[in-house]
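Each of the two complexes below includes chain A, the first together with chain B, the second together with chain C.
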Partner chain A sequence: MDEKQNGLLDLRGVSCPMNWVRTKMVLEDMEIGEKLEVWLDDGEPIRNVPRSIKDEGHKLLKVSPVEDYFRVVIERG
Partner chain B sequence: MRKKTVDVRALKASGFIRQTENEYFVCRLRVPGGNIVTEKMVQAAELAKKYGRGYCHFTFQQSIEIPYVKLDDMDALKAELDGLGLRMANCGPRVRAITACQGCKVNPYGRVDAPGLAAAADEKYFGLDTPAKFKIAYSGCNIGCPNPQENDLGFHGMVEPELAPELCNGCTLCVQLCKSRGGESLVMNKETNLPERDDKRCTYCGECIYCCPTNAWVVKRIGHAVYVGGKHGRFPRWANRVADFVSDEETFELIEKCVAWYNQNSKRGERFGTAIDRLGLKKFKQEVLGDKYTAAKEWDVHGDRPKGVHYRVLHSWDPEDDE
Partner chain C sequence: MAVTLSETQIERYSRHILLKQVGGKGQKKILESSVLLVGAGGLGSPAALYLAAAGVGKLGIVDFDKVDLSNLQRQPLHHTPDVGKPKVVSAAETIASLNPDVQVVPYTAKLTSENIMGVIAGYDVIVDGSDNFPTRYLVNDACVFAGKPLVHGSIFLFEGQATVFQPGKGCYRCLYPTPPPPGAVPSCQEVGVIGVLPGVVGLIQATEAIKLVLGIGTSLAGYLLVYDALDMEFHKVKLRRNAACPVCGDHPTVTKLIDYEQFCGVAVTADHGSHA
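So, the complex of A and B:
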């Protein structure tokens, strides 16, 4: 099951910890060095998911605010 | 029949507080920092069943109370408590059980070990006589759930961050989180692609250090902000923030100094904050703080908000809403 579309995973409206679970499942199917963009809500999601990304050894490359959510670029570690 | 006389004041000091109905007393148990082992909690519950009416009350000072203890049962209850190692709290004009939040070990926002410090301070200073009640609170961070600004003496954790530029990959996460937490002290320098910190706007919450995916933000200083003279009640008084970045040991030192100054300068019934107002904050600072501690950053009246900061909250979520 690959739910990302064109390297993008829209997790707006998805709360913790499901947003991280879904990110993790997608990352697991990717090659090392491959990039994934996720969209996360402000508040808990933007605070928690990047931390999990770091803990699991992936790289967070860029965070860009867009209206009321964030676009986060991750490199599979 | 001779009526039994009761020294209500002495009972209050030992933790038995008279209820509305004169023949009943509340038994207040001491739970410094709000942490209690489950065994003791069960024992307290059993005693509430045996001597009270089968329920406990959690006080705002984080004590557990057993209501509806009969005057005649107090000695037996006290003996059982002593046997179990359950200590009683107090009431009246003295240092009360010291309160705290969960601190850094449990709460991701926490920066200092608030309950550990509260328990250590409680061992040293609980029950010291003062002119009126004297409440002390330790908060792990500047969200301040234990209300350090509304205690006679309050502390909250604070951290000054420093950037190790060689580790930063320019992801901007810290900048985004700083903004959403109201600090707005970080901006990206477009030329260097590094975050820059405006110390005037920094609330020292430490969020940038906590969130950084590459550990580029490191701790430069860590300590406690010090608030004196706060209280609630009929005439609430917001505490004065008098020092920043004091060490764990210095919080104990300040408790000692504040209690001593309060006892020397105040008369029975006057709260600490009222004494500070009567004698002047300047005098208090000179006599208690001297020039030993880092002066508190001069911010707006409510402690944590630099003047002129525009609060851009992307989303209405706030950690305080999660309680």
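So, the complex of A and C:
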């Protein structure tokens, strides 16, 4: 899957908790302060993943709805 | 770090990766770790199954015994068709089917003062699941000499014990300086054992081994955990390094490995010293 290009992780169609697992794997390899954009489905994903992001000390910079999904910008904490 | 998790590994270990204390980095540590299990019996079975499931990269298994039908009541590493096979072969087959990420290194030779240092040298953590005093003392002394962390476990009737011996912070001989005389303590072959008991104790050992590999939490080091299955009670008893310990004390008297069978003059038979 070619989803990690240019700090972008397209997790549309990936259900919980694998969407957060994949986000976490990418965040772990980033430097503090670096940014990552993830695309999450509406429903469970957008309810759960941002909470997990904050729980592990990362910053949610932006959550914007786009059609039927959300673009979430994270700053590695 | 050299290891990169594959897509299937990310999925297989996702419940580890989700944990804040583990994560992808911790899972890589587990995959790069090596654990030696002394005994593929009652304690070794659950330990082997769960350490393999966790993805321990190299799992050494020492056992010279063959699977007996009477083992299956408490040794779920071995299944009915395995009766008669060497335990390490049966263990390797079960583990290969459970998790192909794990390399099993089988040792069928009996551990002795001659070979033990070479066997333990290649491992980060040693888990003792043996059921006899000569092996327990040999493994303890070898871990003291090699500076290896040792996860101890033992069972008797309805009671189990577990602890961790960290190099320089006490050992099994601090607790019990010398083995009991031969015949003073009945072996598992003579007394019964409730099958679930080694399951609990072996998994406590596996838990401690995983924590040591990950470097998380507080280990049992410095405490003896005593588990009473009949009353379902756990007690932690404080342990201290004994300055007069014959092997790790200030003036050690045991300065080389001892093969207690010969020392005690116990006849070594085909099934003597098998593992719980």
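What we mean here is this: the second predicted complex is superposed on the first by the 74 of 77 C-alpha atoms of A that agree within 3 Å, B and C clash if a C-alpha of one lies under 4 Å from a C-alpha of the other, contacts with A are read in each partner's own complex, and residues count from 1 in each chain.
Methods note: a contact is a pair of C-beta atoms (placed from the backbone, for glycine too) under 8 Å apart; a residue touches a chain by one contact, two chains touch by 3 or more.
Predicted, not measured: the structure shown is a model, and the values here were computed from it.
After superposition onto chain A, the modelled positions of chain B and chain C are compatible, with room for both.
Of the two partner chains, chain B is the only one that A:64 touches; chain C does not reach it. Looking at the shared chain after the overlay, A:56 reaches chain C, while chain B stays out of its contact range. With both complexes superposed, B is the one of chain B and chain C in contact with more chain A residues.
In the superposed model, A:21 makes contact with chain C only, not with chain B. In the superposition on chain A, A:44 makes contact with chain B only, while chain C stays out of contact range. Closest contact between chain B and chain C, by C-alpha atoms in the overlaid model: 14 Å. Across the interface of their complex, chain C is touched by residues 1, 17-18, 20-22, 24-25, 28-29, 55-56 of chain A.
By the touch criterion given at the top, residues 169-173, 176-177, 180, 210-211, 213-214, 314-315, 317 of chain B touch chain A in their complex. Residues 41-44, 46-47, 50-51, 53-54, 59-65, 68, 70 of chain A are the ones that touch chain B when the two sit in their complex.
Across the interface of their complex, chain A is touched by residues 5, 7, 10-11, 14, 17-18, 20, 23-25 of chain C.
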